[in-house]
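Presented below are the structures under discussion, each in the form of C-alpha cells.
You will see two complexes here that share chain A, one where it goes with chain B and one where it goes with chain C.
Moving on to the complex of A and B:
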C-alpha cells in the first residue's frame, strides 16, 4: 500500500496513458504534419509538374485567389458538379437503402445469406469497379441492353449529358448496400414494446412507421449519411478510371479537379491550393454535420 | 373471418419475399457478370445483346499469369498490405488501451484529432507525398507506401478497437491486479485474449482497405512497388481496353477480399462505422 502510494507520487497519473498513445501519436501526426507543411508550401509557389522543386517561385496566396476569383478558373463549376454528385448519390442511396432494409427486416429464410451478398459490392476493388462500369455503360454494354429491353432506347452514357449519371449509378450500386447493412442492423435492435403498444392502440403500419420507426432511426440515419458524405466527397478512383473527369469537366468533382490541375495542366501550385481547400471543406462540413446530429439527438 | 383476413396477408408476404430476392440478386448481378465474363472469349465479352450461355475458356487467366506476370503485383500488394496492417495493429493496441481504460485530460479531443486526420482525402496530399518521396529517395518503394498508409490505418484501428476493449468488463483486469498481477500482465493475460477477435477483424478490414487502395499507390509507385489495383492502367491500351484479361484480374484481385469480408461478417457493421454502430 505504502509502496503504491509512493510510486504514484513519483509518476504523475497522465504519464502511463500518454506513453501508451505516444507511438500512434508520433507516427500519425508526424506524417500528417510533414505532408501538411509540404502541401501548404507547394500551394504558395508557381511550379510546373516535372520540374525540380528549386525552380519553384513563391507567389504567396495568389493560387488561392486565382482559383476563387479568376474568370478562367473552373473551380466554381467543380463545386457544382461535386454538389450534384453528392445529392445524386446520397439521396437515392438513403431512400433505396432504407426501403430495402425494411424489406429485409422481416422473418424470412436466407436473411443471413442476403446480408452476406450485400457485403460484396462494398468491398470490391474500386479501380476495377470503375473499369467494369466503363464497359457496362458503353453503348453496347449491359446497362443499355436493359434500357433497350425495357424502354426501347439506348443512351450514350459517355456523353456530356449522362456521364455524371453513369458515375452516380455505379456509386449507387456499390454503396446502397452500405445503407442497407447499417440501417438493417439498427432496425433489428429497436425495442419491441412501443410497436406492440401502438398495435394494441390500433395504429396502422404507416402510423407506427412514421411515429416510431423513423424518429428512433433518425440518429443512425444521420450517422450513416455523415460517413457516406465524407467518402463521396473524397472519392477519386472510380470516377478517374471511368471518365477521368470528362467529357469536358462534366465529371470533375473536387478530387478530380485536384488531379487534373496538378497532373494534366501540370500546375502544382494551383493543384495544391485546391487540395488545401478540399481538406478544409471536408473537415469543416463534417464538423458542422456532427454538431447538427448532436443537436437533433438531444431534441429527439 | 381470420382466414379471410390472412390470405391476402400471406400472399402479400410471399410477394415481398420475392421482391427481396429480386432486389438482392440485382445487387449481386454486376459482380457475377464480371466473374463469368472472365471466362468468355474476346468476342463474347463484346457481344450485344450479351451472351448468357457459352463454353468457358481459361485463355485470359493464362494471359495474365504468363504474359502480364500478375503474381508480381499480387506479391507487392500482399507485402504492403500485410506489413502496413501488422505495424498498424502494433502501434494502435497500446493507444486503444489508453483511450479505453484511462481517464485523462483532452482524451476525446485527441481521439477526434485522430479521426479528423483519417478524413483527409488521399488525393489531396498524394502530390505533396510525391515530392517528399522523391526528396527522401523513397519513390516506388514498398516502405514508403507501408508508412504512408499508417496515417489512415492507425486512427481507424484505434476507433474500431476502442469499442471492443470498452466492451470487456474492467473488473476482470482489476481482480487480476488484486491477485498481484501488474497492469501489463493483467492486460496480456485477460484483456488481450478477449479482444483477439476484434483485433483480427480490424486487421482483416485494414488489409482489405490497403489491398483496394488506388490513388496513393497509383501516383507513388511506377514499376517496382506497383500494386494490384493500379494494374488497370495496363488494360487501357491505344487499341482499346483488353476486357478479357481485365475481368480475369478483377476476379482474382477481388477474390481474397470477398472471402475475407465474408469471414468477418459479424464485425462488418462496426467496421463500416468506425465502431460507432454495433452489428
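Moving on to the complex of A and C:
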C-alpha cells in the first residue's frame, strides 16, 4: 500500500491517462491523418488511377476549380441529389418513426418480439439491402405487382425519373425501425410526474404533448437525426449495389461521386478534390449540428 | 365510459400498427428466403407463388462457387480480429476519458467523432497506396486495421457511456484498498460493464461483417469478404436470383442470429450511445 502510494506520487499526473489513451489515439490518428493529408496532396495533381505517382503533374487548385465551375462537372448535380436524398429519407423516417413510437408507448404484449423484428433491418447487410431493392423494384418485381394490382400501371423504377425515389423508399424501409426503436426507448425513460401534474391541471393530450413530450424528447430526436445524417453522408453500399449511381447521375450522392470519379473515370486528382470537399462539408455540418444540440440541451 | 371506449380503440390501433410494421419489415426478407428455395420459374411467377416445391440446389451451388466458402471464413477471421483490436484498445481509452481530467480531452473526443463520421471511401485510395507499398493489400490484418477508424471511436464512445453507470463509490473503495488504475479497471469497471462491453463487441462485429466499401477496395482474393462475394452476384444483364438469395441468406444468418439473441443489449447499446453521446 505504501509502495503504491509512493510510486504514484513519483509519477507525473498526466502519465496514466496519456498512456491509456495512446493506443487509440495512435491507431485512429495515424490512419485518418495520413489519409487526409495524402488526399489533399493527390487533389493538387493530375493523375490517372493505376499510373505510378511519379507521373503525377502538379496542377495547384485546378481540380477544385474544375469541379466547381466547369460546365461538364456534375458536382453541383451531385450536391442536389445528396440533399434530395437527405430530405427524402430523414423527414419521413422521423415523422413515421416518432408517430409509431408514440402510439406504441404503452404496456403491450409481444413487445420483445416487436423489438426483435424491428432490429433486423438495422443489422442487415447494406449490400444485401441493395440487392433486395434491385429485386423488388425491377419491372417484373413485387412493387410493380402491387402497383399494377391497385392502380393498373407499372412504373420503370430503374429509369431516370424514379431511380432516386426507389433508393429513398428502400432507405425508409431500412431505417424507420431505427427511429422507432430509439424514440420508443426514449419515451419510456421520460419521468411520469410532469404528465400526471398536467392531467390534474386539466391539460389536453395535445397540450401535454406539445409542452412536455416534445421538448423533453427534442435532444434525443436531434441526436438520432445527427446519427442518421452522418450515415446518409457516408452511405455507399445500398446505392452502389442497386444502381451504381445511375442512370446518368440520378442516384449519385457524394460518396458515389468520389467513387465514380476516382475508380470509374480513373481521375485521381478530381476524385481526391471531391473527397477533400466532402470532408470539409462533413466537418462543417457536424460542428453546426453539435453546437445546435448543445444549445437545445442547455435550454431543455 | 366513452373515454374507455376510446382507449380500447387506441389499443386496438396500436396492435394493428405494430402488426403492420412487423409485416412490412419481415416480408421482403421472408420473400427472399422463399426465392432461395424456388426454381427460377416459380420465383418470378405472376401472380406470386406462395406454395411451391422447395429445392436445395441454390444452397448446394454455393459450395461449388469459387471463393464463396473462403470468403465466409475470411469474414469470420477479419471480424474477430477487428473486434478484438477495437475492444482491447477502447477499454483503456474509455477508462482514461471517464476517470481523468486532462487537457486535450475534448479535442480527442471531437477527433474521434470526426474519424467516425468520415465515409469509408475516403480511406480507400490512400490506404491502397500505402498497403501496396508495405505488402498489406489483400490481407486480414490490413482490413481489420482500416476498420478501426470507424469501430474504435464507436467502441470508445459506447464503452465510456457504460463506464459512467458504474457507481463512483465502488471506484473509490477499490482505490482505498490500494488498487492501481489497472487493478480498478480489471476488478471494478470491466466486470460491472461486461454486458455493455459485450453489446459493443456485437455492434462492432455487425458493422465489420456488413462493410462493403473497404473490403471491395482493399481485398482481392486472399482476404475477400462475404459482402464482396454477395455483391459479385450483381450484373447488368441478368442476375441469378436463386443462388444470389441463397448467398444473401447465408451471409446474413450469423449476424441475424447474434442480433436476435442479444436484442436487449443491442437496443441498449444503440440508445445509450445516443442518449448520452
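We adopt the following convention: the second predicted complex is superposed on the first by the 290 of 300 C-alpha atoms of A that agree within 3 Å, B and C clash if a C-alpha of one lies under 4 Å from a C-alpha of the other, contacts with A are read in each partner's own complex, and residues count from 1 in each chain.
The definition used in the following text is that a residue touches a chain if its C-beta (ideal position, glycine included) is under 8 Å from a C-beta of that chain, and two chains touch if they have at least 3 such contacts.
Being a predicted model, the structure only gives us computed values, none of them experimental.
On the shared subunit chain A, the superposed partners chain B and chain C overlap sterically.
Once chain A of one complex is fitted onto chain A of the other, the partner contacts of A:95 are absent, as it touches neither chain B nor chain C. In the superposition on chain A, A:284 makes contact with neither chain B nor chain C. In the superposed model, A:83 lies in contact with neither chain B nor chain C. In the superposed model, A:35 lies in contact with both chain B and chain C.
When the two complexes are superposed on chain A, the residues of chain A that touch both chain B and chain C are 14, 16-18, 20-21, 23-25, 27-29, 31-32, 34-36, 38-39, 42, 53, 100, 103-104, 106, 108, 110, 114-128, 130-132, 134-136, 140, 142, 145, 173, 177-178, 181-182, 185-186, 189, 220, 223-224, 227, 230, 233-234, 236-237, 240-241, 255, 258-259, 262-263, 268, 271-272, 275, 278-279, 282-283, 286.
Those residues of chain B that touch chain A in the shared complex are 13, 16-17, 19-21, 23-24, 27-28, 30-31, 33-34, 45-46, 48-50, 91-92, 94-95, 97-99, 102, 104-105, 107, 110, 113-114, 116-117, 119-125, 127-129, 131-132, 135, 147-148, 150-151, 154-155, 158, 183, 208, 211-212, 214-215, 218-219, 228-230, 232, 235-236, 241, 243, 246-247, 249-250, 253-254, 257-258, 260-262, 265, 268-269, 272-274, 276-279. Of all residues in chain A, those touching chain C in their complex are 1, 4, 14, 16-18, 20-21, 23-25, 27-29, 31-32, 34-36, 38-39, 42, 53, 100, 103-104, 106, 108, 110, 112-128, 130-132, 134-136, 140, 142, 145, 173, 177-178, 180-182, 185-186, 189, 220, 223-224, 227, 230, 233-234, 236-237, 240-241, 254-255, 258-259, 262-263, 268, 271-272, 275, 278-279, 282-283, 286, 290. On chain C, the positions that touch chain A within their shared complex are 10-11, 13-15, 17-18, 21-22, 24-26, 28-29, 31-32, 35, 44, 46-48, 85, 89-90, 92-93, 95-97, 99-100, 102, 108, 111-123, 125-127, 129-130, 145-146, 148-149, 152-153, 156, 178, 180-181, 206, 209-210, 212-213, 217, 227, 230-231, 233-234, 239, 241, 244, 248, 251-252, 255-256, 258-260, 263-264, 266-267, 270-271, 274-275, 277. Of all residues in chain A, those touching chain B in their complex are 13-14, 16-18, 20-21, 23-25, 27-29, 31-32, 34-36, 38-39, 42, 49, 53, 100, 103-104, 106, 108, 110, 114-128, 130-132, 134-136, 140-142, 145, 173, 176-178, 181-182, 185-186, 189, 220, 223-224, 227, 230, 233-234, 236-237, 240-241, 255, 258-259, 262-263, 268, 271-272, 275-276, 278-279, 282-283, 286.
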